[in-house]
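Please see the structure below; I have some questions.
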Amino acid sequence: MDTALIPEGRKRCPLWQFVLFIAVVGAVLLWGVYAMILCWLKGLNQTNMNNAYGFALWIWADLAVIALGGGAFFSGFLKYIIGKDELKNLINYAVIIGFICYSSALLILAIDIGQPLRGWFIFWHANVHSMLTEVAFCLSCYFAVLTIEFIPLILENRQIDKVRFFHNLSHNMHHIMAVFAATGAFLSFFHQGSLGGVAGVLFARPFGFREGVLIWPWTFFLFTWSAAACGPCFTILITKITEKVTRKKLVKDNVIELLAKISGWMLLTYIVAKIIDTWYWAVVTAPEAGFTMMDFYSNNPLYGLWILFLEIVLGGIVPALILITPAGRKNKATLLLATVLAVIGVCVNRWVMVLQVLAVPVMPFESWFMYAPSWQEVATTILPLAYGAILIAIAHRYLPIFPQEPELNPVEQQAG
Amino acid sequence: MKKAQEHTAPKKYGMVIDLDKCTGCGACMAACMAENNVPFREDETDKNLSITWLRVYKLTNGKKFPNADVCYLPRPCMHCEGHHGHSPCVSVCPATATDYSYDTGIVSQIYTRCFGCRYCMAACPYHVRYFNWWDPVWPEGMEKMLSPNVSVRTRGVVEKCSFCFHRYQIAMEKVRYEGRAELAEDEYQTACTQACPANAITFGDLNNHDHAVYKLKTHPDAFRLLERLGTNPKVYYISSREWVRRQGDNYLENEGKVVAKAH
Amino acid sequence: MSTVKAKDDGAGGFIILFFILGFVASMILGWIVFPKLLYSQKEQPFNFDHAIHMDMVGACESCHFFRDDGTFSGIPKLAQCIDCHQDVQGFTKDEEIFVNEYVRNYREVPWLIYSEQPDCVYFSHSAHVLSGGMECKTCHGPIAETETSRPYEYNRITGYSRDIWGKSMLGLKKNPWDRMKMDDCAECHRENGVKQNSAQTHKGACFVCHK
Amino acid sequence: MFPFSFEWIWDMSHMVFHGGLWYALSIIGLGMTYCILKSVVDTVQGKGGDGHH
Amino acid sequence: MNIARRSFLAFLIGGAAGTALSPLPWKLTDDLSIWTQTWPWTPVPPDGEYSYVNSVCTLCPGGCGITVRKVDNRAVKIEGMAGHPVNDGGICILGASGLQLLYGPRRVKAPMRRVGERGEGKWETISWDEAIAAAAEKLEGIRSAGNPQGVACMVGDRYGTVPSLFERFMTAYGSPNFMSDAAIEDSYRITLNLMHGKNAIPGFDAGNADFVVSFGSGVIEGWGSPVRMFLAHGKWKDENKTLVQVEPRLSNTAAKADKWVAVQPGTEAVLALSMAYVIIKENLYDKSFVAENAAAFEDWRDDEGKTYPGFKTFVLNGFSPADASKVTGVDPSLIVSLARSFAGAEKPLALCGRGKGNTPGSLHEFMAVHALNGLVGAINRPGGVWAIDVPDYVTWPKPGLDEAARAGLEKPRVDGADGGAYPYTESIISGFADGVNSGSAGYGVEALLVSGANPLYTLRDAQAVRKAFDSIGFVVSFSSYMDETAAQADLILPNHTYLERRQDVPAPFGLNMPVIGMSRPVVPPQFDTRQVGDSLMGIARKMGGSVGDAFGWESYEACLKETMGAAWETLEKDGILVKADYAPEGWGEAFNTPSKKFQFFTGAYRHGENKDLMSQMKIEGEAADFPLILIPYDSMRLASGPVADTPFMAKTIEEDVLIHDDVYVQVNPATAASLNLREGKVAELTTPVGKARVRVHLSEGIGEGVIALPTGLGHWANSKYIAGKGVNVNRLMSPVADPVSGLDAAWGIRAKLARA
């Protein structure tokens, strides 16, 4: 059964290794599921969130995975809209990573709300002025698009492909994939942005608030931009990790380098915009609310200027410079470093825009609000990682994700 | 409907709290809890987990003994008007569970609509919004004191001060029964206003020249919390102490006092 | 067409048949079995003849009256019924139950209220009847003409009276009193321009009807 | 989300927002319907891999 | 794929399509969300007819009028009664949450007899007949064994029919050991006795005063009739009147005052006398009042020709601001300016009695402060202190005494409140434990009746009180709630709560007009409880003989009705009887001292004139072992009397008072630094009588060397909402008998604080 499912012409690890891996990661997954069930049955008192910290680890994780999942929409955009055809060798994986990120994000949202059985109110009773409504709609729609993009991949499984209808379906879906990808890019642009808007529109939260155009604060655009810049880095990073784990080369260097180069330029332009935004905020926006920039970075045990340095310099300027330099992205070590830094950079940005926003005291007689997650929160945040690892393992084992794999790893004797 | 609808001038209910008079005794808090079926738990010492629609903050002037000073600041929901009713919380609620009425100026919260995303809590700089982290539990027999005028909230929803809007509703029943058009000032008062033993709280229609709040809000020592953020709150404070007024908002070091603008 | 296909590989007919089977089975389940399971019935403590009372007292307000504070009395309390029912008034079995079980024991009759709104709803009778000049019938239907009390139907999941969501599973209504959902209140409020002052929806503000 | 729901208003922001939403939903829905129908037709017409390698 | 599998798939797809087109998924989704609106375990309060019942709150001696909002037969809210002469619509936090006592989980629901060990919490519910019989039998046994004096009784309030019934019972029974909870009222009463010659309670026309100097009184922390004082405070603010607070700690009153005078704890009397020094020295006193209506201002001679120094000499000989400054720590110039402003004000008023005034104080201090009022003539005039006759409407004929009773009443009191040492004091509840433990009365205490009091919690040196209780064989509690004392009792005959009973509420403390209130049943009794008057009469009647004969009334209500006489109807109708046209007595009748004038205290007070008033009132502990001084502080949010905090109140306890189960001790940062303690650190607080785990809270509101703990915490028998939280400060303090009154005058205790 196992071998019959494995794509032709590709070598996979022995079944016991695979099962062992799934079992180990599955145990972590079950731990997360247990915590998730606790939260659903007993309520959010299982977390360490409180009335001052209504958004916590989960929402950060949510924003972070969506930013990282941005590789899917941006690669799709590059391939289908811009026409960077080389990216077809990476797009499948980008889609799977995106699918994992987005399904995780939706799951987290379902755990995070106080009344999960009323979760659908966000659609049915939608308030279009709320950034969260926009997030929910675009997120769900884009998740649908990702699912549509993922389906043909599943249908390409050796056994499923044998069914004529599925074969045709897969073929037909591939045929109009550009339409879906374009829709996905459109949706993605908005929801990445609206996630940025979540904190940016909070005009009574001076740390998060940004001015902007029309209904969109600058963070709207910065979030989209940073997701487009850092998402592909994450795709590259996961690809590299997959290559490491499977001990095979799966994608050719030129493909990776192309994506890395685009990513680098995106990151550079993003970080320039981010610096301008930060400067304007520090000099104009915050003082209008009665704050100096240092009010946001002092008198507390965690948030200092270091976090700004980590986000902008280490997580932005450094990886951008590495990636736009041919030598930087050709060198395996610096490429890896750059992608890791970019991922850290965008995660730190999301952290700051979720958690620091709430930590900053706004009423002058208050002090900083600090928070540490409970194990249930940590477990449910790790859950998507475990789920992602399992899904990647299964997908990689049974689906022909990497078109270049057979070429890069020729199998001497075809397995029976 | 046969009869014409009441056409009365839009009201803007608001509050003026005299911090010189407020003694920090907490009667307003208890009256509010009793009025609004607020639940209680065994350990309420973590104030970030404790539901108190009206919270009395303790402000200190930061000076050394014996020049230290303390001021209590009761903080109900500010019922921000924001810009045309777009208060910080109202516009962010994804399910339209919180709303602003142009008719009364009250920010409503509908518990059965709220699904507990807590975005409004993140949006509110005053921390007036409280999440029901736990199921409310009354010891056997104590559910007898629950008021039918305010619905009991379940776990997982956000709640907040309503300016005792049910009291407005109850008062209006009588007004309608007697065939009157308007509510008198003393017919609709919040539970905290009524209870305050120091008479520190004044409540009424900020639009109505005849109401006490109309004049009080223009007191030279009146200010509003975080006014410069544009929340346009409807709760005014009066304090004769400069240090208290300064703690009402954030100011840069070399900035003078920003004068309260009555809306 | 299907016969042609059946000839082709002999499976198409079966497939379509099973599709239809599945479709019909689930339709029956959803439209017939499910409503039966969802709703349960309770009988009123005893039958109440509205018509005969209307003949005697003349108007709804005689029993369902407004108190001096403007609040609505709702279903009359025993004390009020006793005014006439100190002794058995007629020869019906219901009258006998009422007097023997309730009047004699000073026990309130646990009437089941068809129009009972959920706890989150604030409803003012004075606003509708006194200010709005509405008739009882508009919302409550021709209950005054009934001689028997129909069974009280309630939703097993929500516990609410079926009259709120309405009889029709499609949510359709012919008469204004067929349903008492939020949309029904909102519709009438909109038509009559009642407090359409919400910043969010430009319709009725939430606190008009919610508590 | 729908014109008959209480929260629906015919104003600019709603039309832009819901316009975008329904546009995206239609593309997704129509696209998938097209794919599935076409695949059914293709299958019936005997196109595609024979399924028996 | 075979046909069966394909058909099954088709069946499923058909089923899915059909389901989607049926109401099932949609209605289910909708109904599940509606189900969450009110989960089956969420209470839905039934609606009904609204009504309002006026009554009087008796949770503290404040005597506020309350209006209870009812829905059908449920009380849902307590509000202040508008127009009431005491509180005019206002209400305090305890009063506002009173329904949580009525419906609370710690109600004693029926008469109960202890079955396990004392305090173990094992009870059996018994009938009222059994309960009454059990109490009567036990008391009869003690009496017939010739030890009626071995029965003691503690009541909460002193006046009114219920305390009087207990007093009557003790008299008829033959025991001198009738005690009532002591508070500043007792110290004030003795002060007025000595300085006015009247058996009176003080009334303060605070609202009309324009310059108030409070010597540690928690004007807005529950002193006097709390809501009335809040209203007065609000009036001062409105009318730009001045409040000066003399207190070692930045209390809420100090914070609200126009001037906070941080004084060394325990030296308030010295400051008062030093102000008197300035006023006399600078001739600022009310000369007409002093000349015409006061005695012993100048040196004076008694009938035997012995000369005594007058107040003037006394003050001028030792209380110059320079001298006083050394003791009080208050700048001499401040004393001078304070004295000038006080004397220069139109209607000055000086108040004393620390915090809420739950414990009496040093009589010297009370007299010194009252002398200040005398100096400026703030006696029996608008804005001043009025002497209001004690409530005297209980005018029953004396009970007939049998032999046993007469013999018992002859015996000395256990608490030491006898003619010899403390001639002015009726009872000294704080001396009871010591008396029992030392056996000083010469007989053992075999039984104790407790009503309206919670001595195991409220009395200082709780260990000694507990020891005394343990030695008493039979403790009967009449408490409505399972408080600390009830939990240690042998028999509980639960009283109705104040919302279920009819009872007279005499004169709220501090009100400057005679008022009688009437609390009445707002709701029917929720449990099998009985008005304590009926329980007591039941016991007496069961005992029969002269004891039974002393209670001829049919019921408590009959007794109340008879006692109130003509006032009954008004009380029934309005719930209150006010002598609205009351005015202070004219100078002719105002003073009943030997001179028929206001007596400055060197003249009034003949016992131990040589007491050194320059020194602080001594508290327990030596500075060498205990370098710090611990003072208790009161807060409106912490009920510190017999009744504990309600759950609502517990919610309002501030974050710098309690964290989880740990109480914060307020420490000046400099003191903390010297002890190597930081904010929030756990520390061990030790006093000569006990030790406790506390957390450190740095506060600039307290001076160096002084630390403060809140009162009202550290309950152990109450509901889980307050029990087990913090420390009962009474457990860490010991009573110090005032040399004149014998009442507890401790304002603090020496202590030490160390890292734990």
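As written, the chains take the letters A, B, C, D and E, and residue 1 is the first residue of each chain.
We take it that a contact is a pair of C-beta atoms (placed from the backbone, for glycine too) under 8 Å apart; a residue touches a chain by one contact, two chains touch by 3 or more.
All of these numbers come straight from a predicted model, not from anything done at the bench.
Visitor: If you tally contacting C-beta pairs, which pair wins, A-E or A-D?
Guide: The greater number of contacts lies at A-D.
Visitor: Considering only mean CA positions as chain centres, point out the chain farthest from subunit D.
Guide: E
Visitor: From the C-alpha centres, identify the chain that is farthest from subunit C.
Guide: Relative to subunit C, the chain whose C-alpha centre sits farthest away is E.
Visitor: Let me have the rounded angstrom distance from the C-alpha centre of subunit B over to the C-alpha centre of subunit C, please.
Guide: Averaging C-alpha atoms per chain gives centres 36 Å apart.
Visitor: In whole angstrom, what separates the CA-based centres of subunit B and subunit D?
Guide: Centre separation, subunit B to subunit D: 47 Å.
Visitor: Once you find the CA centre of subunit D and the CA centre of subunit E, what distance in Å lies between them?
Guide: A distance of 75 Å separates the two centres.
Visitor: Centroid from C-alpha atoms only, then distance subunit B to subunit E, rounded to Å. What do you get?
Guide: A distance of 33 Å separates the two centres.
Visitor: Which residues belonging to subunit D are in contact with no fewer than two other chains?
Guide: In subunit D, residues 6-7 touch at least two other chains, as defined above.
Visitor: Mark out which residues of subunit C touch at least two other chains, giving numbers and ranges.
Guide: Residues 69, 71, 118-120, 200-201 of subunit C each touch two or more of the other chains.
Visitor: Would you mind listing the residues of subunit E that make contact with two or more other chains?
Guide: Answer for subunit E, listing residues that touch two or more other chains: 32, 35-38, 44, 47, 50.
Visitor: In their complex, what parts of subunit D are in touch with subunit A?
Guide: Residue list for subunit D touching subunit A: 1, 5-7, 13-14, 17-18, 20-21, 24-25, 27-28, 31-32, 34-36, 38-40, 42-43, 47-53.
Visitor: Going by the contact rule set out above, which residues of subunit C touch subunit B in the complex?
Guide: Interface residues on the subunit C side: 66, 68-71, 118-120, 122, 124, 126-127, 130-134, 192-195, 197-201, 205-208, 210-211.
Visitor: Would you mind writing out the residues of subunit D in touch with subunit C in their complex?
Guide: Touching subunit C from subunit D are residues 4, 6-7, 9, 11, 44.
Visitor: Going by the contact rule set out above, which residues of subunit C touch subunit D in the complex?
Guide: Subunit C reaches subunit D through residues 5, 182-183, 186, 200-203.
Visitor: Within the complex, which stretch of subunit A touches subunit B?
Guide: 43-45, 49-55, 112-116, 118-119, 121-122, 125-127, 129-133, 136, 198-199, 201-206, 287-292, 295, 357-358, 362-365, 369
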